[in-house]
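Given below, in the form of structure tokens, are the structures.
Here come two complexes built around chain A, the first alongside chain B, the second alongside chain C.
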Partner chain A sequence: MSPDPDDDGWPARFEAELVRLGQHPARARALAQESVDQAVEAGSDADRLLGPPHLYARHLVSELNDVPAPPGVGGPPAPGRVLLRLADVGKRYRRRVVLAGVDLTVRAGEVAAVVGANGCGKSTLLRICAGLTRPTSGTVERTRRVGLVPQDGGTAPWLTAAEHFTLFGAAAGLAPRRARSTGEHLAARLSWRPAAGQPAQDLSGGTRQKLNLVLGELHSPDLLLLDEPYQGFDQGTYLDFWRQVVAWRDAGRGVVVVTHLLHDLRHVDQVLDLGSRPGARVAAVAR
Partner chain B sequence: MVTSRPWLHGFLDLCLLAMLGERSDYGYGLSQRLAAAGVADVPGGTLYPALLRLEQQGLVEPHWAASGSGPRRKYYALTAAGHTALAEQGADWRRFRDGIDALVGTPVEGSAR
Partner chain C sequence: MTAVVVAGLTLREVARRRAVMVLLVGMPLAFYLARRDLPGQSTRMLTLGIGWAVATLTLFVVNAQRGVDPRLRLAGASVTALVGGRLLAMTAAGTGLAAAFWGMVAVLQDVRRPWAIGPLMLVSVLVGVPFGSLVGALLPRELEGALALLTVVAVQMLAHPEGLLAEVMPFWSARELGNYAIDATAVGDLWKALAHAGVTWTLATGATLALFARRLQVAQYPEP
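The block that comes next holds the complex of A and B.
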């Protein structure tokens, strides 16, 4: 007899929904356990006491997110240590100047957006941030644990999602089981449940981007570098993606996201506008 | 007897702080004290998020204690910031209550209830 997929119980579904809403897995687990205890002490079951798991999860998360954090207690940490610092960075290919005089500092708990017209050097800048491309001039300091999600993807067409998790996890020193379960957790946050046995080449463009995003985060980097990671996302996934960016920030990570969509910018702390010509300007925006 | 009107909205935090100011307690204990005071039957789905919120705001502090039977219980106690919030919100409440009393007036002696 096969297990009923709906029958994995209130705590499991509550926990999964909390994770999907951007709660840290460990926190979600603790909250689920607490809810079970509360039901027992009230002599009831969780569904009767607290309501359906997915609705209670949303209610709880919105209650907790509305809290103005008092200084030093809970909430998103104030911007912290520097995770990335570019000083007067320039890049030339032969005679052609791609970047000049770029300054960018990203601290823990900050989101920086890199905007500008096509061909202004956004992707080159991200590769410099990641250490994949050497700048011609200037200095780059970065934290050790960096995750990069390239625009054109780094997935192998014939491997399944689970095999990607295992492979990328191994590169980060994760045991296969742990890599797979972490990958599945992260995928669930993007409302994606990888199908067993399906090679990456059979995934839709949007889903392949989700795979890229999961792989970029699999090793819990402190700094995430994202190159327009939402190509092909539908609206719901797009919102999940930005919720995820905010959750990363609130968890004290740094995020650099290359984007051309200006309405994304309300989620970010600073904007680096590369414009259409070499020479950079930084504008701070209110959160 | 518990009032059926949704008056508690907006005052649940104050009630929780006041009860915890008296003594530390766990979730189900607090819901029983609210009911016994005739204030409200607060659903668990309202009560527990409110407690977590107070915890996140640093107004209450949890500690775990074994119970005679069943799982360990999460007890909450007021922090120093919680005492300050209780004093402030309590003063707000008394001003509000006095205002309502002034508008509604006092019941005529001997009127039926």
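The block that comes next holds the complex of A and C.
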């Protein structure tokens, strides 16, 4: 039996997410049916076996990107859709110029790094991309679904990780149970299992940043804006983080990551150098 | 839905701050105990103490979420849900506190209209919550906000009750209702107090929402 798109169950949500990610509707329907069959064969339900539908859809799409589509049922997602475009963006606070003439285009399946010295406006640029700060000049075009991971803060000190998942899930219209399930799946990808009853303020700095990362991704954004999100990560988590960035890229998401670690740049597709001082001339380097 | 989740989680956060909970109860109680031999003075001080404690706690709750709110807005939450949820939670917490103190005063003090002590304390909570959030929206640092609230409550205590200064202060309604409950003044005082509380609540809530709507505005960029 084919999943009914009007049904609010796992197959329908999975199919809808596949279509949203660019899969042909017929192929999305076939993949949804295959996934349900796979769960039935394993004696489980799809949610338990494969996880939240929107996450599994992204995972599957990233796997499918290397496999040619069967003839007649559509193809892989159309690559290269522009998710963010900045044209001649500038920002000044009274007479102090923070940014000037910034151009940047990020497409689906791309990772862009923003580098530069302290105080050159990297975080301001990320806030402009998010829409939390308005540019003084220039134009910004951006996809609607965006997630922001700040350098620090961004969590409620007295709430546990599960309560954060519930809160951020509610903001995105997710039911509490689904939000917690999604959060736990995302945390597991960073080798983290949130402890019950532990408030965020009692987490180590690195674990709090993992929570920040999960919250930035919980509502399944198309574009992720990361402001040096790896503060406090140990070596293993740091590697997990970059593996996750690559997985996002392969799943057709766009990523903008502020960094000052030059060895990070081997993971990225383009580098935006904001220079050594506020308002310095900007160079965009495609890799 | 989002407002209800925000309200529930705000209550959990507040409940986990044990020292804050102790001070929330202890501060009005200290005001009361200082003049417990005088029913009028002690009840009026208790009422102002409730308003001050609730307003200060709301100020801290609102300011504690400054890092989280922009991210929640990006995830899709509305300003009304975020601010409304917190105001709802603090009103619920304050109402519980007021109910407990109402019971205490009704048992221990000889007032002319004990039933009116309940509305008296409730008005103090209903005014204190949006007023605390408004101060939090105007003054981003907690210390500055707490000092501003202290100033307002102190002026409210010291100003002549019949003077214009007292009437334009936010907790004037509680003082007026106190006259009705404790000294059994005319029913006109009750209506004046309720009208003042309604106007104060509306202005403070509206101004809080407007300020947060401005602060948490997310630019609506066109899609590429």
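What we mean here is this: the second predicted complex is superposed on the first by the 198 of 287 C-alpha atoms of A that agree within 3 Å, B and C clash if a C-alpha of one lies under 4 Å from a C-alpha of the other, contacts with A are read in each partner's own complex, and residues count from 1 in each chain.
Note that a contact is a pair of C-beta atoms (placed from the backbone, for glycine too) under 8 Å apart; a residue touches a chain by one contact, two chains touch by 3 or more.
Fair warning: this is a prediction, and the values are worked out from it, not measured in the lab.
Visitor: Which holds for A:A172: it touches chain B only (first), chain C only (second), both, or neither?
Guide: second
Visitor: By residue count, is chain A touched more by chain B or by chain C?
Guide: Touching more of chain A: C.
Visitor: Does chain B (first) or chain C (second) touch A:L60, or do both, or does neither?
Guide: Touch status of A:L60: first partner only.
Visitor: Can A:P25 be said to touch chain B (first), chain C (second), both, or neither?
Guide: It touches nothing on chain B or chain C.
Visitor: Quick one: classify A:L49 as touching chain B (first), chain C (second), both or neither.
Guide: A:L49 sits against chain B, while chain C stays out of touch.
Visitor: Once the shared chain is lined up, is A:H219 touching chain B (first), chain C (second), both, or neither of them?
Guide: A:H219 sits against chain C, while chain B stays out of touch.
Visitor: Determine, under the contact definition given at the top, whether A:G138 touches first (chain B), second (chain C), both, or neither.
Guide: neither
Visitor: Check whether A:R85 is in contact with chain B, with chain C, with both or with neither, and answer first, second, both or neither.
Guide: The second partner, chain C, only.
Visitor: Chain A touches which residues of chain B in the complex?
Guide: 26-28, 31, 43-45, 48-50, 52-53, 56-58, 67, 70-74, 81
Visitor: Okay, in this complex, where on chain A does chain B touch?
Guide: For this pair, the touching residues of chain A are 31, 34-42, 44, 49-51, 56, 59-60, 63-64, 66-67, 69-70, 72-75.
Visitor: In their complex, what parts of chain C are in touch with chain A?
Guide: Contact set of chain C toward chain A: 1-2, 5-6, 9, 12-13, 16-17, 64-65, 67-68, 70-77, 81, 218-224.
Visitor: Under the touch definition given earlier, write down the residues of chain A that touch chain C in their complex.
Guide: Of all residues in chain A, those touching chain C are 81-85, 130-132, 134, 140-144, 146-148, 150, 153-159, 163, 166-168, 170-173, 176, 199, 215-216, 218-219.
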